[in-house]
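What follows is a single structure, written as structure tokens, with notes after it.
First chain written, first letter: the chains are A, B, C and D, and each begins at residue 1.
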Amino acid sequence: MSSLRNVAIVGFAQLPVVARDLHRTSPEMLYPVVRQALADCGVERDAIDFQIAGSVDYMDGRPFGFVAALDVMGSWPPRLDLHLEMDASFCAYYAWLRMQAGDCDTAIVVGHGKTSEGDPRRVLNLQLDPYYQAPMGLDPVSTAALQASAYMARSGVSDRDLASVAAANRTAGARNPENQLHTAATPDELLKTPWAVEPLRSGYLPPVGETATCMVLAAEGKAESMCDRPVWIQGVDHRTELQTIGARDLTQSASARLAAEQALAMAGLQTASEVDVVELFALTPAEELILCDALGLDAQAARPVRNPSGGPLCGYPIMSTGAIRMAEIFRQLSGRAGARAVPGARRAIAHATQGHCLQHNIIWVLGTDRRWA
Amino acid sequence: MKRPVAVVGVGQTQHSSRRADVNIAGLVREAVDRALQDAGLEHTDIDAVIIGKAPDMLEGVAQPEQFLVGAVGAHMKPMLRVHTAGSVGASTALAAVTHVASGLYERVLTIAFEKQSEGNAMWALSPNMPFMPPLVAGAGGFFAPYCRAYIQRSGCPAHIGALTAVNARANAAKNEYAHLREPLTVEDVLESPMLWDPIRFGETCPSSDGAIALVLASEAAARKGPRRPAWIKSGASYAEAMWVPGRDQVSPLAGRTCAKHVYDQAGITDLWNQIDAAEIYVPFAWFEAMWLENLGFCAESDGWKIIERGEQKLGAHLPINPSGGVLATNPIGASGMIRFGEAALQVMGRAGEHQVEGAKTALGHAYGGGAQYFAMWIVASDQ
Amino acid sequence: MANEPPRDPVKYVETHVYLPYHYVAGDSRAGYLRALKDKKILGSKCSKTGKVFVPPVVNSPESFAPADELVEVADRGIVTTFCVVRIPVTGRDLQLPYVAASVALDGASVSIFAPIQECAPDAVRMGMRVEAVWKADGEREGSHEDILYFRPTGEPDAPQDSYIHRL
Amino acid sequence: MEQAQTMEFPYKHSTGQTVGRFLAGLKEQKQIWGQRVAGLGVVVPPPGYSEVDGSEPGEWVAVKDTGVVTAVAVVRDPVDKLHPFSTPFAYILVRLDGADTAMAHVVKDDIHAVKVGSRVAAVWAPDEARVGSMRDIAHFRLVP
């Protein structure tokens, strides 16, 4: 790997994840977040070279939902801009790439979506091909349950194992004030929750939540003045795979595995177990275990610490959940994690996914030190 | 840009009001196959795929790039999906440029499409939303007042829209891929129904099914290709807020800012003489005069005079939309990338019957939202 | 048994998309709509520039500063530009042709969209002074439709310079 | 202040040659077809290209309407106007005999007995009810 530009996360702001904000529209939720993120970096809006937003029209329940967000992002005078129909974690990738191309030094990356206005199970059915899969009424909970079923059959993982993974997230999440779910739960409690779609219980699935997020990225030379402890991007890669769930081996995530290999190589690491913390965008305990396999992690090991934030199980705002994984790592590595700080954490992985059954995965390797001289 | 980037392959579909012969994947693959063939490449040569399209309500599939992963050869590759309203085709290509310019990718496939016949564009693009004033009548109803304001403040005569539309169709007749290729006369346009006064039916873009794909490559990869590439001299996409007091919707600041950015980066100082052809996004005929001013080809209020003098025709000083442009072909999400691809074909000398003789430098342009999103690139035959 | 599927394909897969949404107005927009019931048009004032946005917004898109002070603006103003709609719109029930205008209310820094009536479409002019025609007392329900339309006031037209750059 | 509003539209998705002929096979022949694809084997249902590398598919291959379940998800609370049944049912991935990939479909009866590895068979919709859609196979049933 030739030398790249060192780029850091220097700021992040979000609203606490809630089931439904009755008082604000999606752009109105975003405005204070952009202000806060910039204020935390000690810069005015004009200090930012590039802006990028992630949202989905079908989640917004209207075409061009992202256009209204321009008005709350400080888009005057006109700004270099892009919008992706993707989670903000993927938007951050593009902003990072733009810095590699030398086209900007600073960027804001926002994610917004008023998840509570629509019905994600219906909306995400429409992600499936309209000829074979969508007409069957498949929704993301059902496809996740199919994946869990295939994984359990192959691996021997039990219902109780899934409950344990979910409980670990819930227990960690109780210490995170930004979460929608704040109550710890034990495996026994979760085992008593009703089936959502068997083999997944309601206690293994996140409630629908909403928020707005803004991340600030800055290249070396700018980052240092914007943050006391910038968290540096040491490696990143993302990969997608074919959609048809019956044509994939659902018991593993080939795209996550490849993305992890590439990102680790960029970071100069041999294995994911060399990091201290991992934040996984897993919507079910089965997905979390499949991702552990893809990363080559022992799911039973104490290190790296997995999902100290509580993970998506404690808050799943669509379009921001991936960005929040990065945010948690930023907090962990920059001394902002408070009571849930992982001792001695210097390097970590943040993951995000989109699509049914972990179709598209991005892996970030982040650290307290610059990667390139 | 950190390093040079070139267009090494261009492929587009036959555009028409209803491509019932193919499904969404088939439409996209028609463009992709042609672009790869044009570049002398196969799917396995491509490092990443960047897809763009306008609102997903047009086809009724949410984030359709996810089901299209297999169709476009993106399995196990990075893929991004761009959406910047009407400008999306152009901003998608620019996102692909970033990939190559970063030094991390050698060959990137970028695709934009729309299959509007699967649904209803008017319904999809201007739904009646709760708590919103229920008045905007589609894109035409939104933009017509700004055309009127342009006419009033520039003194633009009433037949300029018709002259623009007639020229677009005359050019489209020479473009084998265009949707509307039948010639029009000024009388035809002036006698066509008034839809959103001052916009007549004949001054309005069609609703099309279509797709386009481009292959972008690094210098080293481009030099290995079978053909002379188009070199991307500069590119940028800007956006501005909607409700800015005094915002000039007739000549938006984002458009002027974006134009200055791409001219400066490409070293263009004498626009009128250095640009040999321009493909600009004109969904309603009046916008051609408006954008000529916004892009700086002439002084404010003089855009219509270029059209009245016929200087925008093929064979004249500054051919505008030699392909026929959006007025002849409008698969919304693809239209911006078609502008970019057509600009590239001009400087590659491969635009066929609508080739501008000796074109060395060309501008591609698109806009979207409430005239808030602008995306442009300058391509040239010489590196 | 056939050795391939029928030559003649099934042409279409029909999908009836059905997506219920529960939209939130936001307190800012809700306050605006409720005030219409009292024949009041509210705007919000930018804390930095003093410019007034109608309907109210949480921040000035221009200055990026909060705009949380509510102020009342007049129910009359200037037609800054317009179009005459002569084709039906899917899902809308409006008599054709109708005039859709941008109206800059007195006291507001941006325009609102509104229909113009009690005036032939051909007689509508940029710069024309207009006033709101409200639904009768007791019939207003706190929605955009509480203003039925705008109509000419008969006052002299505003000079072009006063509106041409605030469409 | 809140307001409910439903986004509703009848889309007509053109099928193209491969999808259209596959669906015609269901409708007219009660036959399930796959296509041979390099690297994947016999793909059912066939999209008309290799999802692995974008290449063109090979010949049509008839497969059986019986197969083995590779994944199962039991839906106890069906969602109105989304799911195919209003009473509990199971989604399955079924690898049909003669196919190398699995197809997403449903089991309507004995849903708690369906396991990964179970054998199932298609139950076809009656002639007059087959319109050229995945639902021309009404559901799958367990076979001993």
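The rule is simple: a residue touches a chain if its C-beta (ideal position, glycine included) is under 8 Å from a C-beta of that chain, and two chains touch if they have at least 3 such contacts.
Because the structure is a prediction, the values reported are computed rather than measured.
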item: Greatest separation from subunit D - chain, by CA centre; value: C
item: Euclidean distance of C-alpha centroids - subunit B vs subunit C, Å; value: 29
item: Whole-Å gap between the CA centroids of subunit A and subunit D; value: 32
item: Computed distance of Cα centres, subunit D from subunit C, in Å; value: 47
item: Subunit B-subunit D separation of Cα centroids, rounded to whole Å; value: 39
item: Subunit C, residues touching no fewer than two other chains; value: 11, 13, 15, 17-26, 29-30, 33, 57, 61-62
item: Per-residue multi-chain contacts in subunit D, two or more chains; value: 1-3, 5, 7, 9, 11-17, 19, 23, 47, 51-52, 81-82, 133
item: Contacts with 2+ other chains: residues of subunit B; value: 20, 23-24, 57, 59-60, 69-70, 75, 120, 123-124, 126-127, 129-131, 241-244
item: Graph class of chain-chain contacts, one of line, ring, star, complete, other; value: complete
item: Touching residues on subunit A, where the partner in the complex is subunit B; value: 2, 4, 51, 56-58, 62-64, 66-68, 70-71, 73, 75-86, 90, 93-94, 97-98, 100-103, 123-124, 126-131, 133-134, 237-244, 254-255, 258, 354-356, 359-360
item: Complex contacts: residues of subunit D adjacent to subunit C; value: 1-17, 19-25, 27-29, 31, 33, 60, 62, 81-82, 131-133
item: Subunit D partner contacts - residues on subunit A that touch it in the complex; value: 22, 61, 121-122, 125, 129-133, 135-139, 142-143, 145-150, 153, 194-195, 197-200, 242-247, 250
item: Subunit C to subunit B touching residues, read off their complex; value: 11, 15, 17, 23, 25-26, 29-30, 33, 51, 53, 57, 61-62, 80-87, 89-92, 97, 100-102, 109-110, 112-115, 121, 126, 144-145, 160, 164-167
item: Parts of subunit C lying in touch with subunit D, wherever the complex brings them together; value: 1-26, 29-30, 33
